[in-house]
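Okay, structure first, notes after.
Labels for the chains are A, B, C and D, by order of writing; each one numbers its residues from 1.
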Amino acid sequence: MPFSSFLQFIVSGVTVGATYGLTALGFTMIFNTTGIINFAQGEFVMLGGMLAVFSMKWGGLPLPVAVPLSVLLVTAMGVGVDRLTIRPMRGKPAVSLVIVTIGVSILLRGGAMLIFGKDTHALPPFSEGAAIPLGGASLLPQSIWVVGITLAVLVAMKVFFDRTITGKAMLACACDRKAASLMGINVDVMVTVSFAFSALVGALGGVILAPITLTAYDVGILLGLKGFAACILGGLGNPFGAVAGGLIIGVLESLGAGFLSSGYKDAIAFVILLALLFLRPSGLFGKASADRV
Amino acid sequence: MEGMKLFSAALLGGALLLGGGAFAAEPIRIGAIFSVTGPAAFLGEPERNTAKMLEDEINKGGGLLGRKIEVVVYDDESDPTKAVTAVDRLIKKDKVVAIIGPSTTGSTLAIAPKVEEGKVPLVSCAAAIDIVSPVRRFVFKTPQSDVLAVKQIYRHAKKNGISKVAILTASDAFGSAGRKELKELAEKSGVAVVADEVFGPKDTDMNAQLTKIKGTAAQAIVCWGTNPGPAVIARNRKQLGISMPLYMSHGVASNKFIELAGKENAEGILLPAGRLIVDEQVAEKHPQKKLLTKYAKEYEARFKTPVSSFGGYAFDALSLVAQAIKSGKSAEPAAIRDSLEKTKGFWATTGEFTFTPSDHNGLTEDAFVMVRITKGGWEMLK
Amino acid sequence: MSSNRGKGSAAGLAAFAAIIAAAPFLLPDYYQSVLIVAGLFAILSMGLNLLMGYAGQISLGHAAFYGLSAYASGILTTTFHWPVPAGIAAGVVLSGVTAALIGIPTLKLKGHYLAMGTLGFGVIVYIVFNEAVGLTAGPSGLTGIPRLSAFGKTFSTDREYYFVVWGTAFVLFVLARNLVRSRMGRALRAIHTSESAASVLGIDVARYKAFVFVLSAVYAGIAGALYAHFVTFVSPGSFSFHASIQIVTMVVLGGMASLWGAVAGAVFLTVLPEWLRAIEDYDILVYGAILVLTMRFLPGGLAEGAERARGTLVSAFRRKSPASAAAASGAEGRKP
Amino acid sequence: MSGSEPFFAGEGITLRFGGVTALRDVAFSVSKGTVHAMIGPNGAGKTSLFNVITGLYEPDAGAIRFSGKSLTGLPPHAVAQSGIVRTFQNLEIFTNMSVLENVVTGAHLSVKYGPLDFFLRTPRYFREERRLREEARAELSFVGLDADVSLPAAQLPFGSQRMLEIARALAAHPRLLLLDEPAAGLNIRETSALGELIRRIVARGVTVVMVEHDMALVMDISDRVTVLNYGEVLADGTPAEVQRNPAVVAAYLGEEA
């Protein structure tokens, strides 16, 4: 296998992996403030792409307007999901909350299917131009957008957690919700913020990837599952680990399809997930402290 | 008192309704099972739409044997289990005289024993050859078998001096059926399969597979799948600057594919397709010409989405059943079956059907034409 | 009190058996296949309820155990010509053993690691069903699986098969009920509320969780093998993530920690779509709405709903006929 | 280890959470048939010590010996099997069960039937279940909870829930019973009943170790007191000795101030 092929696998892997990473980031944010796994996370990704497509198709909006609009709409939906389904369930066992998020994901997916139909759609790339040759591999301009926006999100998050009161409060919630509320942090608000944030990064992931990979009402399931695997890989609750986990899974999938078997490519993320659960449940970058009974 | 009056009025009304029903001829009930939702919805939705459209049209034209028809559609949600319960309901409760669909091979094979047992003819809209081979007494199908499509591709490739191909198939029922035929027919057609890659039907990136293929001796790529996978492949191929010819299956023969892949990425792709997609280029005097133009126009006007060959399968299935009822002058299941088997030279959207006791698909290779995508449109090759 | 409950439950079981015996004769013919499918789901959701409702552990990959057994029995009886009962036994054992391999390491951990492990496992199994074409016949599905035959008898009609499935469901119901009302049932419920408190009372939490997980996989395996020899065809689509969620929905709707609920949830969600043909495109929404609304307003599911309805009816009846109520239960009748 | 080994002994127990040392080199021993109190300001590590003893936490160093056997590193259920049972400071009642079922669950280890017995409902199953219920009722009346035993446990008032937890622990037939702040949240009358109950428990031959803040109760019923402060043993002796210990007085006054 020539080096250029290897490079190509890395390039494609990083592009797709960035979306897994953004999805994983969404899982992590909500897990940190609520302790639950939000199975509707993949649907935020789907909605990001679909709403952008349809604001162009039905609303006649140009791409630079449609994209931020779609991300904003999904963010608002994230808040709605929290207010309507999660907040009324406060104090209920985690099992119930997990089931509720599964229900919400079905509702969002079903709603998208009924409103937008079952067809697949394409979003135009953010910037025109042919593929850029790169040491024998080729790189789509959109890939640069994907990686750039992912990095920007990471930087913005770092600043948010380190420099703002809300960010610090969220970290406090992540450490100990009870203590945080005793210290006068409004946990409810923090949960809502985390849902908004997760929806936002999810929608961003969906909208930047849609020009490369197309979108449809049901793309959220697989993206959600893989994002979830990425989030465990990075250590549940660790935002930077989540993005790193996504990139690792993306690259491994691409290499796996290239060198092993393209048929089992989708299994790679989940084999990693199982191996981690068996061998190192705290994830690659987590604190090694998964409680044993 | 008031209640009593109301009651007797209701009783009277009910009696009138019942009586009325008994006097007018009962509609002929035809069952349909389509995967309207679930992963196979891309098949089931156009099929359901088409069946409903054709039902209206037949009724507007006075129905069959002086009776209206009623198409009872159930959604199997792409799940064979649901198809099994639906077929029981169609046969035992709705008492249908024939069934069209299901959309998928799995559902068809799952219900085949049931229709055989219930002695109701089934005209499936699923592609696999296993449905009619070996022949089941009551089971027919309308789509061209993959064998025919594969033969067309290999013949075209051979003619253009291609002897080594890479195959890239979807890991779903459609793709794996194609993969099987592509591998089996290769040697006989004088073509060698030098790379055998697959992709998940929901995969978003095929660069890895294509990069791998690029490194082999393949002279052409044959891709087998339904949207969106092949569209992603068309895009990735362009991105990687792969210049060898790309063949697709009839599974993408709809304008939707060009839209998804993007005009410039779809340029030059070759595929076998039913004439439906190139209806305007079909010679005026071709027996399918009028039929195809009318179906395509009406479908697109009514449902506001591009017509696909999948809807055509349901069109053909219902037309075949209607034709069998007319020619056999009976709407009894057994009579319909016998009459179906005698179908000869019946032109429908997919091709010319001639059923025999040993052939329940009844199409020839002529059902397909080779088509090239040119400037965002379809060009029929001679 | 306890003896009362014993009698009540015996009466309940007798009624259950009577309904099972009578249903195919009371309902129209075309319900038979629906009821068979409902019976298979009842077995699945009983098993999952032992795990989810009693022990409080979520499995998001239960369709994998269902499918493993269906495929194993299907392949062994078709490709390798095993007798059907041997195929079924092998399928069930396979499901159980696989569950042990997945469950033992993940259940040692606190938290929802089982949910994560089973979710990943479910996806992997689904991919294997699709890709191991030589063995499973791939996405097109495995055809020609024989109908169940045992003791020289082939259960070829739906009515015969109905009794096989529901007879099995009944036996499994009784066994599950016996488990729930034993030392082990109490241990599981203890684990559900507080793993720490359970463990300091001497309950080996990890072992019990693993046992009930394996048991629930065995239930799924039984349902899977019976499925294969009913439909005589298996394809990967029936065992996807969506199917796992469907089983979870049945448990949730029926009522966590209620075996009656598990049966009711399964029957309801299988039969309901038969009545709701009109909403066919919307039924995807129905599943979602059921999950959200049940959790929010009726966390005990149908079982709790029935309990509440009975309470309301009883009090409404008492209010309507104060004379009889007063006669029946003197002072207790009228409280403000 | 010369001569007679103590009934229960902890040696050099050290427990760290990340950078924080919750317990440092804690050593103490308990004689059979006594009431041994653990006192100390909040955060002194008393509950952590209980968690280490019962196997919920694994100590970073140290050894625990109980009637001649080492318990170090055993999982909680194995510790329970050896005869040590505890209650919790923040009640851990099984809220999804009735009062009676809670206590029956406590008797988990004493049940003498296997899976076959309960799956097939053999006579042994019925015999054992009857015995369990009778014993559970006896334990409930022993702690003074004669009320409706079929009531959901969550509906009991707080004080009764404390008693329920003790009954549940007693149903496990412990040889050493650990009570974590049994008087917290109880009123004066309930507290004095608790003191009397603990005496009756000891009279049954059960050794009691309790973490408690109620000094009156501690001084009244304890045979020996260990004082913890910042994760270390500050003092150890009879109630009277401990009360006179200047370091203890300082620690408590320091906390109060």
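Please note the rule applied: a residue touches a chain if its C-beta (ideal position, glycine included) is under 8 Å from a C-beta of that chain, and two chains touch if they have at least 3 such contacts.
All figures in this text were calculated on a predicted structure; none of them were measured in a lab.
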- [ ] Any chance you could name the chains that touch subunit B and subunit C both?
- [x] A
Task: Number of hops, subunit B to subunit D, where each hop joins two touching chains - done: 2
Open item on the list: If I rank C-D and A-C by number of C-beta contact pairs, which comes first?
Closed with: A-C
TODO: Can you check how far apart subunit C and subunit D are, centre to centre, with Cα atoms defining each centre and the answer in Å?
DONE: 40
Task: Computed distance of Cα centres, subunit C from subunit A, in Å - done: 33
Task: Inter-chain centre distance, subunit A versus subunit B - centres from mean C-alpha coordinates, in Å - done: 37
- [ ] Mind checking the centre-to-centre distance between subunit A and subunit D? Centres are C-alpha means, answer in whole Å.
- [x] 46
Open item on the list: Quick check: what residues of subunit B touch more than one other chain, meaning two or more?
Closed with: 37, 39, 171, 198
Task: Of all residues in subunit C, the ones touching two or more other chains - done: 130-131, 199, 205, 281, 284
- [ ] Indicate the residues of subunit D shared as contacts by at least two other chains.
- [x] 75-76
Open item on the list: Taking the touch rule as given, give the residues of subunit C at its contact with subunit D in the complex, in rising order.
Closed with: 1-2, 175, 178-179, 181-184, 186-187, 189-190, 192-194, 196-205, 257
- [ ] Quick one: which bits of subunit B touch subunit C in the complex? Just the residue numbers, please.
- [x] 36-39, 74-75, 77-82, 84-85, 88-89, 91-93, 105-106, 109-110, 113, 128, 130, 171-173, 175-177, 198
Open item on the list: Under the stated contact criterion, what part of subunit C meets subunit A in this complex?
Closed with: 52, 56, 58, 102, 105-106, 108-113, 115-117, 119-121, 123-124, 127-128, 130-131, 195, 199, 205-206, 241, 245, 248, 252, 256, 281-282, 284-285, 287-292, 295-296, 299
Task: subunit C-touching residues of subunit D, taken from the complex the two chains share - done: 54-56, 75-77, 79-81, 85-86, 88, 92-97, 101, 104-106, 108-109, 111, 113, 115, 118-121, 125, 129, 133, 150, 168-169, 172
- [ ] Please name which positions on subunit B make contact with subunit A in the complex.
- [x] 37, 39, 41-42, 45, 171, 197-200, 202-205, 207-209, 211-212, 214-215, 227-228, 231-232, 235, 238-241, 256, 259-260, 262, 305
